[in-house]
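Heads up, the next two complexes both have chain A, just with different partners, chain B and then chain C.
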Partner chain A sequence: MYAYDELDRTLINERVSEFRDQVKRRLSGELTEDEFKMLRLQNGVYLQLHAYMFRVAIPYGTLSSKQLRALARVGRRYDRGYGHFTTRQNIQFNWIKLAELPDALADLAEVGIHAMQTSGNNMRNVTSDQWAGVAPGEVEDPRIWSEILRQHTTLHPEFSFLPRKFKIAITASEHDRAAIKVHDIGLRLYKNAEGETGFEVLVGGGLGRTPFIGKTIKPFVHGRDILSYVEAILRVYNQYGRRDNIYKARIKILVHELGIEKFAREVDEEWKQMGDVGLTLDHSVIEEVRSRFSYPAYEKLPHMPDELKQAAHDPLFERWRRNSVFPHKVQGYSIVTLSLKPVGAPPGDATSDQMDAVADLADRYSFGEIRVGHEQNLCLPHVAKRDLPQLWKALDRIGLATPNVNLVTDIIACPGLDYCSLANARSIPIAQELTRRFANHDTAELIGRLHINISGCINACGHHHVGHIGILGVEKNGEEFYQITIGGRADEGAQMGTLIGPAIPYAEVADVIEDIVEAYLALRDRPEELFVDAVKRLGVEPFKERVYATR
Partner chain B sequence: MPLVKQGRIATDLFVHVADGAELPGDGAIFVPAARFLEDPEAFLKRAGKVGVIWPNNRDLDDLVPYLGRLAAVALVFPSFRDGRAYSQARLLRERHGFDGELRATGQVLRDQFVFMLRAGFDTFEVKKDSDAEAFASTAKSYSVFYQPTGDGRLTALHRRMLLRHSESAGQ
Partner chain C sequence: MVTANRTWDGVVIYRTAQQGWSANLSDAAIVRTSDEARTLLGEATADDVGAIGPYIAPVELKDGGEIKPGNLREHIRSEGLTIDLLPVPA
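Here is the complex of A and B:
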């Protein structure tokens, strides 16, 4: 965990005071809605279909139990008793009243949580691997660098009014759980031949209506230079990014229009001219930030404790363990994913009661720490293996032990037309129906890893392009239709899915997905061949045939 | 439109000379970039101070040769959403060492004051009277800063390092 010091706390409190004054000026009419809009967006406040929506940052997906309880309290006190975890390590509350927002922010500030720059055309929450610091084989904890970047990007005086939003993600593992290739800047931490920490820097990735996979702009930037290099990218973007058309304003369009070579030359030129402007991170500075991260005092525990051996006789426990428990870098410990995708419920939602219960379980079993991943699930990062049976029972009691992590019902979905003013179609009911169709856990296990991502409009908040199966809601003559893509992925082998054919009406989506899955089961060359690999081998044709032959 | 200079409401001594308008014989003037660049020497040899209004989509390179002889540069915020002039301001101050008056013009509102001060602006053509009156208190609304800019305010990191040194020196 990162411990805020007096300076971090002061800044957050100053931000709350400023926003309180802004809300006051809006309510008195001193600020027009147009003027206020940008200010509220910079504090994570959207106006949705029914009410204001409030998006709170969970930087690099790390939460303490105290912080999770504060989020639960906000859900209870100012909302309707629940929150929605998003694909970018944020949590959203959907029913907040404008006049109460400053109080909600003040409550969160007490535990070091803020909503700065969770929307608006600025640098958004810096995201990272939800297994940072505990994943086996990780180069080093990427949260140190995430925190350095979080501070640097917060209230940046030059880059708070960019052409469009700007998202940075960091990974330090071979397997990319942070989707860095679909971010404006993706950073892959590694050590060079000399053993020095640095980053492969990718730029111009993103989804939305014009999806791009990020391109490598520099194969290695030394850790000490990462802030100045990011600053150079931002400066080029701030000056030359398009501002004439909101749909062409992201950095991916600038990179695409200039070409990565020319863009890289512009950045290099700016970087060279920048010289030493106080952004070089010397060793002591990095260590200062590192020193404020605390790590659990792990015990020396056996790899296979008796408790686990005994519990293995219970098939239900075993199914959950096989599915939701992952190797930890320390012997005797596990990483446990808590599925927020129970059958029939909106993906990513958690009630305030569940959040409180998870906070208690984190205190008891995970050194008070919780993580949030971009798949809209939670995670307890340091669970002793001997505690797994107990934890499972407790999770099951609060509905958080659905053994479907990474399976067909572990669906990513945006709020869609049920909440969002941008949406063309509903996402949540599609997800709910699919979880019912595939509710049989044995079937889901047989199908194996399969990510379904659903977006209710072309802005792609549900990351449909990079779902193994992607579902995109569109509007046709006033009715909800859905385009289906297959073969997308968001990890280190990121690529966009391929459209299988014409859009299909709302009522047929679940049938079509079932057809695709059945086709896969018939076509895979062995049970271990994942859906996405079968699509890669076979192309979309056999799936397309299956879907459209009878329609 | 009220002018805030060095932290307080002030009288604007500069006259904005529009394209094609006749130049006053003396006194301080602001001229648009294009007109200035037609014949920079003619402006610079005038008795009064000269300032140039520089658009936010024009490269600063054309202006740099004259910076040492300009009393002021005005940068433009056509909308408060358009942040290009923040980069220009920092470049003028931090890279090109411009130490004359740096003026923010256009849609200049209270909630941008702190960012503008940090980027190097020292003079503000403020859109609303109430915002101009609130300048001094707004400028003090933040005491912690994460990024180093040319304004000399210590960053949080820097303050932490100083604290560490003083703590270890006291041991």
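Here is the complex of A and C:
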């Protein structure tokens, strides 16, 4: 958990009253929409098809039960009783009235939550591993560094008017759960041969219209130098980034055009010239931030408590445990993922009632802490193993124990044409139909790990490029069509998927995905060979043939 | 027709023939030529306080004069989500 200081609280409160005033002036006609648009975007307010959409940041995916209750309340009081968790550790509300937004912001400010930098051409929410601080084998808690970067870049004048939005993600584990290779800057924390803690720095990753995998520009930057090094990157970007063409303005395009070697040289040059600009982090500064993250007082518990041994006789519990419970760095504890992907429901949505119930369960079983991951699921990070059977029953009662984490029905999907004004096609009903087709959990387990990601347009909010199966909505003569890619991945081996052929009409998408999965089951060389690995070994041809031979 | 979102709450609205706005598509002013459409859009755009982002969108006129949205996007704006929000029991 993180304790905000007075400065942050004052800042958040000032922003709320400022926005209240701006909304008042907009509604009275004193401000035109042109003047107001940038102001609302700076507070996370977009316009969608039916209403305003309000995006709230959940820094590095960490929430207290109190904060989650505040989000539930916003959903209930100002929206239609639910919220949508996004792929960048934010939550969106889809039906908020502009006139009531200042009140919603004020309610959230009471618990230290805000919507700063959730939109606009600035530094966005710095995301991190949702298992930060609890994952076994982690170098150290990456949120310390997310927080240092967040403090430095929040409302920093130089970074508030970048050529385009800018996204940073940090991981401190071997296995990358933060998708650092598809971010503008990806940071991997590790210890070098001398035992010093520092970062491998990647730049230029991103999805959208022109997808790129981030490349390493510096294999090791010492922790104390990370702010100045990131600043050097941003300065080079600020200087060369294309402001003339929105499609070319992201840093990935600059890195691509200059080439990674030249870009790295420019950054190094800038870094040298900057000299000591007061950005070197003192040990005491790092320790100060570290001290704000508190960890629970864990008990000394057995690795295999009796409660767990007994529950193991229940096959339904066992299935959920296999699927949703992960090792914790402390013996006797587990990390538990709560699937927001029940069969037939929109991926990533949670009702206010569910949020309240999760907050209560977090208080009872997880030291009052909840995490949000980029796969649009929630997580309880500190659950004593002896409590797992009780927790499972409680989750099942509120519809959050679907045993499908990382399986074919754990789908990432953007809001698509049901909500989004930029969409070509719908995403959510495709996801819903797929969860019905693969509703049998035995089949899903047999298929194994398989990530399906769906976006309703090329902006790629649903990360379709890096889905094991990616589905992208396009429009053909006013009809919804979908391009299918296979073989993408978002982890440490990040890679873009390959298009299998011509786009497919709405009504056939679920059939096509079933065909692809059936082809995989027939072609895999052993049950442990994952879908992505089979695609890597075989290429797209056999899948393509299966899909198009009869169509 | 010309459609937009209402400023204070974001609700979908349609420009009426009486130079106002309505949340019902059946109240929308229907135009048939591009000149008429431009005029209607001009009036709508002039109301910057009441509405955001007005644009011209297609409609379909049914026998009997019923007005229907002319494409899927407008259908969703007018009729709401095409999805069930709560999980369907399997």
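We take it that the second predicted complex is superposed on the first by the 551 of 551 C-alpha atoms of A that agree within 3 Å, B and C clash if a C-alpha of one lies under 4 Å from a C-alpha of the other, contacts with A are read in each partner's own complex, and residues count from 1 in each chain.
Convention: contacts are C-beta pairs under 8 Å (C-beta built on N, C-alpha and C of every residue); 3 or more make two chains touch, one makes a residue touch a chain.
Every value quoted in this text rests on a predicted model; they were computed, and no experiment measured them.
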Original post:
Can A:L11 be said to touch chain B (first), chain C (second), both, or neither?
Top reply: first
Original post:
Counting only touches as set out at the top, which of chain B and chain C does A:R426 meet: first, second, both, neither?
Top reply: second
**OP:** State whether A:V277 touches chain B only (first), chain C only (second), both chains, or neither.
**Re:** first
**OP:** Based on the superposed arrangement, let me know which partner A:L47 touches: chain B (first), chain C (second), both, or neither?
**Re:** second
Original post:
Which partner does A:Y82 contact after superposing on A: first (chain B), second (chain C), both, neither?
Top reply: second
**OP:** Check whether A:A106 is in contact with chain B, with chain C, with both or with neither, and answer first, second, both or neither.
**Re:** neither
Original post:
Where on chain A do the contacts from chain B and from chain C line up?
Top reply: none
Subject >> Residues of chain A that touch chain C when the two form their complex >> reply: 26-29, 32-33, 47-52, 82, 95-99, 342-346, 349, 351, 399, 417-419, 423, 426, 428-429, 432, 436, 439, 478, 480
Original post:
What part of chain C is in contact with chain A in the complex they form?
Top reply: 5, 7-12, 48-49, 52-53, 71-73, 76-77, 80-90
Subject >> Complex interface listing, chain A residues touching chain B >> reply: 5, 7-8, 10-11, 14, 17-18, 22, 30, 35, 38-39, 121, 151-152, 154-162, 235, 238-239, 243, 273-274, 277-279, 284-285, 288
Subject >> chain A-facing residues of chain B, complex >> reply: 80-84, 86-88, 90, 94-95, 109, 111, 114-116, 118-119, 130, 141-149, 155-157, 159-161, 164
